[in-house]
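Okay, so subunit A shows up in both of these, paired with subunit B first and subunit C after.
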Partner chain A sequence: MTLSTDASALSTAMPPENASVEDAQRPKDYLPGDFNMWVFVLGDMIIFAIYFIIFMVERTRDRTLFLASQQHLYQTIGLINTLVLLTSSWCMARAVRATRSGNSVQALRLVIGAAFCGIAFIAIKVVEWSLEIHHGYTLPRNDFFTFYFMLTGVHLFHVVMGLVILGVVVRELRNPDLRRVSMVEAGATYWHMVDLLWIVLFALIYVMR
Partner chain B sequence: MTVISTPATPTKAVDAQKYRRPGKLDQWICFWSVPIFFTLFGLIFVALTRVMPPPSPNLTTTQVLYFFHHHALTIKIGFTMLMVVVGFASWTNGLVATHMKRMSVGSVWAYGYIAALAVGAIPGCIFAAFAFLTAVFRPDRNPHVMVLLYDMGLLMFIGSLGCFAAQYLIFALAILLDKNKIFPKWLAYVTIWQVVTEGLAAPVFIFKHGPFAWNGAISFWQGTAIFVFWQVCLLYLLHRAIKDQPLGEAVQDI
Partner chain C sequence: MLRDRLTWVWAALSAITTLSWWLARTAHDNGHFVASTPVTIGILAIGFVKARLILQAFMEVRTSPKWLRLFCDMWLLVFWGAVLGIYLYQ
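Up next is the complex of A and B:
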């Protein structure tokens, strides 16, 4: 009873059709997802920012080595991976919208799509690493390649954790009793961070001259 | 008979309540041991034995000999003190494990946590200290052997990663799976940063300089900063967990 009156009271501010019950219960300017996830994401971004600053400092010390080594990276593969992750993020953003409008079947499909893009990212990364290692550009080769393998490695670990989180989202979306908009939003928050970090990483390591 | 039926004065009732607190006084003793022993550990590692921040991996044989000769006395005092107090670290771990057993997940997580820490502390703390104590025991030893002890001591001290990474992962997963809300979920995520920093310290076995060496900006400094942050969060939340624990709560023992 109170739920329905709440929903009708909010319907003036929100698109009336498809607004789910959980949406109607929320205040207008709420924190999407989950507070704990935001602690993780914001803290992780600070940690990565420090990695990037240390990378920049080391790069300034030995610019010629870093620029020469950068020539041996596969920029096309990096670009493909960027597009894969952007597509993945787009799927996830649409999944959040679908969940908010109560269309959990479509949301489920979109989250699985996002996860498949994540798996594709890992597969492409493994191919890229194998090519580098095959040509003798291994982690101890020089400072640039140490950063290249360590930073892309830490990012890859975050992709794997993201897949675990997306797995939890899929599990909850499948079960009508567990289904929560906030859970999908929290998953999307994390997954967008993985995408954002990759874009900065790609720009710094692969592209910057 | 009449004595019993007389209502007790308010102060007496409070006193009686204070004494009827099973399972809390012991926890508070454990809890307050933590800051005391961390202060001692800080004194030992930072002020006395000079392994935190670690000396450079890039020293020449003469410099290594100078390091041991110059710090021989403080290394002896510091690491002998460590041999006396190191066991007390298990008090903290026991306290964390007690609260892990209160979680809805099985006790196996608490045992995993304790076991991983116990195994990790052997190379990471005790062997490292023995390597340094052995070096300063006979300072006139062959210089190459001194360099060997220096490298072994510091590689074990900074480089024993696996058990600690496992301990953090166990703790993080237990918090995430727990339905009794013993610790907030964000502590699990902060703990996952610890797993990542342990991984980033793995190249200490390869490099003698730069950010990934054992005294490097990423391997040592950033990792230590995140560790201190984690430890402060853990202490604060442990304090809260003990305070919020209902008196006489039954803890599973499976």
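Up next is the complex of A and C:
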């Protein structure tokens, strides 16, 4: 199932800065990264889906409490953090393309940009948590805040793990002997999953009414 | 950059994220949040579209093997369907 690639092979097949041609020329049924990373990512998607379903069931049991508690979340901070992660994913997707076209300098810059957005996300989240705790909305406050801190906490752990993976990608991109397209793709797959899970979290915890 | 599909996807994702934030702000009564089925259905629909865009465009599921395309579409349908079903259940 694993389709390993190297930069030189892909650079001839995929011209840079031309997304439509890139898609058309990518081998059909191409699995980016490696199979093991996909197994991990799909497994995580199932586990998070179960967490979110449990949240929905609990929300149905006490809609009034959940709605009233949502009022105390910083909606605009949630929006900004979502935009930060989307920008991070955009950088990473372009880093994959730059790596394939053999432009490792641009790829490196884009991965560092993605990581910088990840660090900004963590900083903003810490500020948000601090504000909540300062106003007395702590984890044991009620069921909603227990879910809020648990889900955003587990997600934040994934962001930290993602940053470690991006660090490995940066290390590989810096060394021509270690440079592999499949490694950058696998890092991107994980990083996009972190974004995907946050998209769900933002919809269910912050903005649904 | 304007001809870049990834950039358009990012712009669309950012725009509909802001739309869902704005939609949520419309569901209030004198500043107090109130339940709103139309707003929630809109927000869940936007969430579904965003999740599919990330999978298809950023994670490149669109050009991936059939088993992965099927898995992701099944995940999207079952998960968002379950969320909507639980929300609507009285």
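Operating definition for what follows: the second predicted complex is superposed on the first by the 181 of 209 C-alpha atoms of A that agree within 3 Å, B and C clash if a C-alpha of one lies under 4 Å from a C-alpha of the other, contacts with A are read in each partner's own complex, and residues count from 1 in each chain.
Here is the rule we go by: a contact is a pair of C-beta atoms (placed from the backbone, for glycine too) under 8 Å apart; a residue touches a chain by one contact, two chains touch by 3 or more.
Every value quoted in this text rests on a predicted model; they were computed, and no experiment measured them.
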item	value
Superposition on subunit A - do subunit B and subunit C clash or fit	fit
Which superposed partner A:70 touches (first subunit B, second subunit C, both, neither)	second
Touched partner set for A:30, first subunit B, second subunit C, both or neither	second
Touched partner set for A:204, first subunit B, second subunit C, both or neither	second
Subunit B or subunit C, by number of subunit A residues touched	C
Contacts of A:139 with subunit B and subunit C, given as first, second, both or neither	first
First, second, both or neither for A:116, with subunit B first and subunit C second	neither
Shortest CA-CA distance in Å separating subunit B from subunit C in the superposed model	17
Residues of subunit B that touch subunit A when the two form their complex	184-186, 188-190, 192-193, 196, 199-200, 203, 206-207, 210-212, 217-218, 222, 226
List of subunit A residues in touch with subunit C within their complex	1, 17, 19-20, 23, 26, 28-32, 38, 42, 45-46, 49, 52-53, 56-57, 59-60, 63, 67-68, 70-71, 75-76, 78-79, 82-83, 86-87, 89-90, 92-94, 97, 188-189, 192-193, 195-196, 199-200, 202-204, 206-209
Subunit C residues touching subunit A - in the complex, by the definition given at the top	3-7, 9-10, 13-14, 17-18, 20-21, 23-25, 27, 32-36, 39-40, 43-44, 46-47, 50-51, 54-55, 57-60, 62-66, 68, 71, 75, 78-79, 82-83, 86-87, 89
In the complex with subunit B, residue positions of subunit A that touch it	34-37, 39-40, 43-44, 47, 50-51, 54, 58, 139-140, 143, 146, 150, 153-154, 157, 161
